[in-house]
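Two complexes are shown next, each including chain A; its partner changes from chain B in the first to chain C in the second.
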Partner chain A sequence: MVYTKKTPWVLIIGIIMCVYAWLVQQQYLAGVIKYLETDKLAGEMVTMGYIFGVIGIVVGLWQQFMQPKEGHLDYYLSTIGGALLILLCVFAVKYGAEPVFKAWGAAAGKSIGWDFAKTLGINYILLGIIVGMIVVNVFKVPTWAENGVRLSRLGLKTGVILLGALYSAAELAEYSKWSIGLIFVFVLGSVGITLFMGRRRNIPTSMAGVLSAGLGVCGVSATVASAPVVNAKSSEIAYSIGTILLWGILMMFIFPPVGRALGMTYEQFGAWAGTGILNSAQVAAAALIYQPNGIETLKVAEIFNITRILVLPIIVLWLAVWYVEREQTAAKVNLLHVIVGKFPLFVLGFIVLFLLSTTGMFAPSHHAGGKFFAGEKAKLLKDEQIVVLQKAATDRPETKAALDNLIANKRVMSKEDDVLLRGMEKAKETPKEIKAVLKDAHKNAWKTSPRIGWFRDLIIWFFAFGLTGLGMQITVKAITQAGGQPLIIGTTVGTIKAVGALIAVLLLKDLINP
Partner chain B sequence: MQRILLASHGTTGSRAAEIVAVNHLQPGDQLIHLQVVPDFWDGMQGDDWLNNSSTRDVFAVYVENSLETEAKVTFDRVAAMVAKRSAMCETRLVYDKPVQALLKAVADVVPDLVITGAPRPKYAEGQNSKMLTEAMLRAMVVPLLVIPYPNV
Partner chain C sequence: MSEQPKFNRGTALSIFKSDRMEDIMALLVSLGIVIVVVALVPIQ
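Up next is the complex of A and B:
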């Protein structure tokens, strides 16, 4: 079978990307870029535009002038069209729609006092998913792009694997400890409540089984994995997936504004999203909507997500045994086959990358957090800022010493000094102008590791690609299948999980902040 | 000889339609039994990103087999009732949007009568019927008989 569908669109997308990169490079779009305040992204626009544009042109020309033959090359090249379509959407939302919404939000903030873009977390990740959903539900994904759109799953998995390189051993140990505890309670709790409600509401065993996996573990993926094991009927599968999709999408929109309203830290929000959102795909989305240009939230959320994912084979195995015990007609399953077949192999990739990063092969160990203490390479404060600092007063001798050090050297001299001065900066009694200088001193003291920064941007691109592509696979037709008993049970369990996880995370507030 | 097109898919409402359709048959008549697998199944594993391809393939095959088996049970039940009335029965299983599938079948078969069940009442168990839409009613070119939902 030949997979490549001949179309001029791959070539056209390639040309659009190259022309865009050239226009940015030649400063023809300088006015627009200045208005949208996307100057910082200009380099990325040029690099990404040329890389993907050239790929599009080469593959597009190949499609136009060569006859694709059956084989691996044809199969792999058939994915390029869809991948470029997703990337074009990411370009449009990252360099166009997001800054426009940001500007509109700021204008609304000035006129009506409500910056809707900031409050609702309208950024390119959210917009990418929405654009993806519009493409599939309004226009339909073109046949030449179908193979490539499915590639988005690989994008997400690659993003998770690469993320493994950005954890320090201490971080991973700390996050894992909390994730295992919370996930254990919430997965078992959700499965238990679902089965209990299922029994009370007299739903069939197979429906209770498939729902409990979906609501308890990781959403649609768990439903897909467990449906054949518990012999779910087609209507039960449709109801369950519809309900989970509906809840996943709703929570993706609701979690970030609530997190912002509650003033949650990145770590807290990551823990909440990783525990409380039913569908694992929307966990990464919510984390990146909350913090689109950094990965602190994503790092915590993904640890919680991975813990959930690792529970999946165990829950499927348990459901298989549970179902066989209750249904006399059920065929026995090979337990080892279930465990091996359902194990998410990409998690091994994540672990390998983490282990490799601990050897320091990607970046020096003190760069692992993304930022490192600049020490003597830190930028100096200006003389007028020093004059401001000389007016500062504190009763604490150790803070006074750190302040004196700062005034004498015009930069923060040690991490210990930085902690003390940060405390002074956060203190209510510190005057505004002194706070501003202390903030600058802190900023100057920490540098972003260029290699880690590059790696972080790459990971975010993989997630943006994956989530936009995933949006192109979420159909309203599937969501509208939500209904019946599964919707009642799903709403109850989903609400308990979201609210319960929020309370747990807020109670553990100081602990989930290593 | 009359040709009746029955659109049913095994739900409570459509079972009532099946009985009425069979009762309409005279010896030698033909019943064309249409079942539609709705196209929403396209998006049913769209959000599954973490399973490997073998798990997804197992799921896809499982869903296909389930839909086919469930359809066959309905087909066999109706065929047995039709046989008792010495009429002929033809089965059609189509994957499409319900309305389009029905209209295509009508254009293809040109039946004397189309029989289908009424949508389920609010709060009754079962999936929503997507067949009796205004667009379908406007496009229908043969008599259509909608059987009321039974009192259960």
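Up next is the complex of A and C:
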């Protein structure tokens, strides 16, 4: 079978992207960019526009003028059209829809006192998923794009692997001690409650088995991994996935506004999403909806998510024993074969990148979250800021010495000075204007490694691609597959997990927010 | 007897024949990115 469809759309999308990049580069869109306050993204618009545009034009021309033959080249090149359609959607929401909503929200804030864009967290990740859902449910994904949409999970997995480069050993130790405790309680608790409810409600053992893995561990992958162990039928796998997707999607939209209403920090929200949301993809989506232009929430959420993925072999083992005990006729399954065969390898990639990052391959080895102490390379404070600092007073001699050092050199001289000055900045009695200068001095003292900066930008693009593509896979049919008993059990366990995780994170909030 | 398909063309969710293959592809893409970033971008 030949998969490449003869369509002019790949070529057209390529041309649109190149023309857009050229218009931005030549400043023809300067007025619009200024109005939408997207000046900082202009460089990215040009680079991304040309890269993807040229790919679209080359592949589009190949599709038009060559006769593709059945084989791998035809199959894999047939994914380019769908990938470009997703990227066009990301362009449209990131550079167009999100800034427009932001401007409308700000205007509404001034006129009616409610900045709806800010309150509802309308950003390009959320809009990308919604656009994807509209495309598939209202218009249907065009046949020439169907193969490309199936690349979205690859994008998400690559994003998770690259995320490993952003962690430092200290950060991982800090969060993992909380993630291990919370995840063990919630994963084992969810699996236990699901199995108990399954028995009470008389659903087949195999159905309860896949549902418990899906609700307890990491959603769709866990359902698929546990299926052979409990001999699940394909219809039971489909019901389980339907339930998990329905809940994951619902929570993806509910978590961010609740987090905002409760004033949760990025770290607290990441811990809550990573524990309480059922499926990996929706964990990433909720984290990026909460903080679209930064990586802190995503980093914490993914540590919690990866911790629970690592629990998967234990759950598979538990389910195997549980299933064999209940089903006398159960065929013996080679457990080791299932665990080794189904373990998600991409998690190992994340760990390898984290180890490489710890060796100092991506940022100086003493970095924390990709930032290192800049020393002599630090940007200096302005003269007027020094004048403000001269009015500062402190009783503590060591803080006074650090302050004098800062005034004399216009930059923070050591990490020890930075700690002392941060303490002064956080103190209630410090006047606002002095706090602002101290904050700037701290910001100037720490630099982000350019390599880490690159990884950060690439990760955001992989997630934006993966999540918009994911939206294109959320069909009404998939959602309605959750029916009857699985939905009742899923609703109960999902609610307990989400609310329980929220309470746990709020109780531990001072510890999770170092 | 039905004829075996010549190529395995994945599932509704992925173009790859298995999760394992998709993981390997994600690892290869990541490896490529790491090599390019380390080779071209300065550390500080």
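Definition applied: the second predicted complex is superposed on the first by the 478 of 514 C-alpha atoms of A that agree within 3 Å, B and C clash if a C-alpha of one lies under 4 Å from a C-alpha of the other, contacts with A are read in each partner's own complex, and residues count from 1 in each chain.
The rule we apply is simple: contacts are C-beta pairs under 8 Å (C-beta built on N, C-alpha and C of every residue); 3 or more make two chains touch, one makes a residue touch a chain.
Quick caveat: nothing in here was measured; it's all calculated off a predicted structure.
Colleague: Applying the document's definition of touch, where does A:449 land relative to chain B and chain C: first, second, both, or neither?
Modeller: A:449 contacts chain C only, not chain B.
Colleague: Taking the superposition as given, does A:361 touch the first partner, chain B, the second, chain C, both, or neither?
Modeller: In the superposed model, A:361 contacts chain C only, not chain B.
Colleague: Check whether A:309 is in contact with chain B, with chain C, with both or with neither, and answer first, second, both or neither.
Modeller: A:309 sits against chain B, while chain C stays out of touch.
Colleague: With the two complexes superposed on chain A, say which partner A:93 touches: chain B (first), chain C (second), both, or neither.
Modeller: In the superposition, A:93 contacts neither chain B nor chain C.
Colleague: Let me test your reading of the model: by the given contact rule, A:238 touches which partner, first (chain B), second (chain C), both or neither?
Modeller: In the superposition, A:238 contacts chain B only.
Colleague: Could you say whether A:344 touches chain B, chain C, both of them, or neither, answering first, second, both or neither?
Modeller: A:344 contacts both chain B and chain C.
Colleague: Examine A:55 and indicate which partner it touches, taking first as chain B and second as chain C; both and neither are also allowed.
Modeller: After superposing on A, A:55 lies clear of both chain B and chain C.
Colleague: Go through the superposed model and pick first if A:203 touches only chain B, second if only chain C, both, or neither.
Modeller: So A:203 meets neither chain B nor chain C here.
Colleague: Overlap of the chain B and chain C footprints on chain A, residue-wise?
Modeller: Touching chain B in the first complex and chain C in the second, residues 153, 157, 220-221, 224, 341-342, 344-346, 473 of chain A appear in both lists.
Colleague: Any idea which chain C residues touch chain A in the complex?
Modeller: 6-7, 9-16, 19-20, 22-27, 29-30, 33-34, 37-38, 41-44
Colleague: So in the complex, which bits of chain A are touching chain B?
Modeller: Touch residues, chain A against chain B: 136, 152-153, 156-157, 218-221, 223-225, 227-228, 232-235, 237-239, 241, 245, 248, 279-281, 309, 312, 341-342, 344-346, 466, 470, 473-475, 477-478, 480-481, 483-485.
Colleague: Sort out for me which residues of chain B touch chain A in the complex.
Modeller: 38-52, 54-56, 58-59, 62-63, 66-67, 70, 125-128
Colleague: Under the touch definition given earlier, write down the residues of chain A that touch chain C in their complex.
Modeller: 1, 3, 70-72, 75-76, 79, 147, 150-151, 153-154, 157-158, 161-162, 165, 220-221, 224, 341-342, 344-346, 348-349, 353, 356, 361-364, 372, 377, 447, 449-451, 454-455, 458, 473
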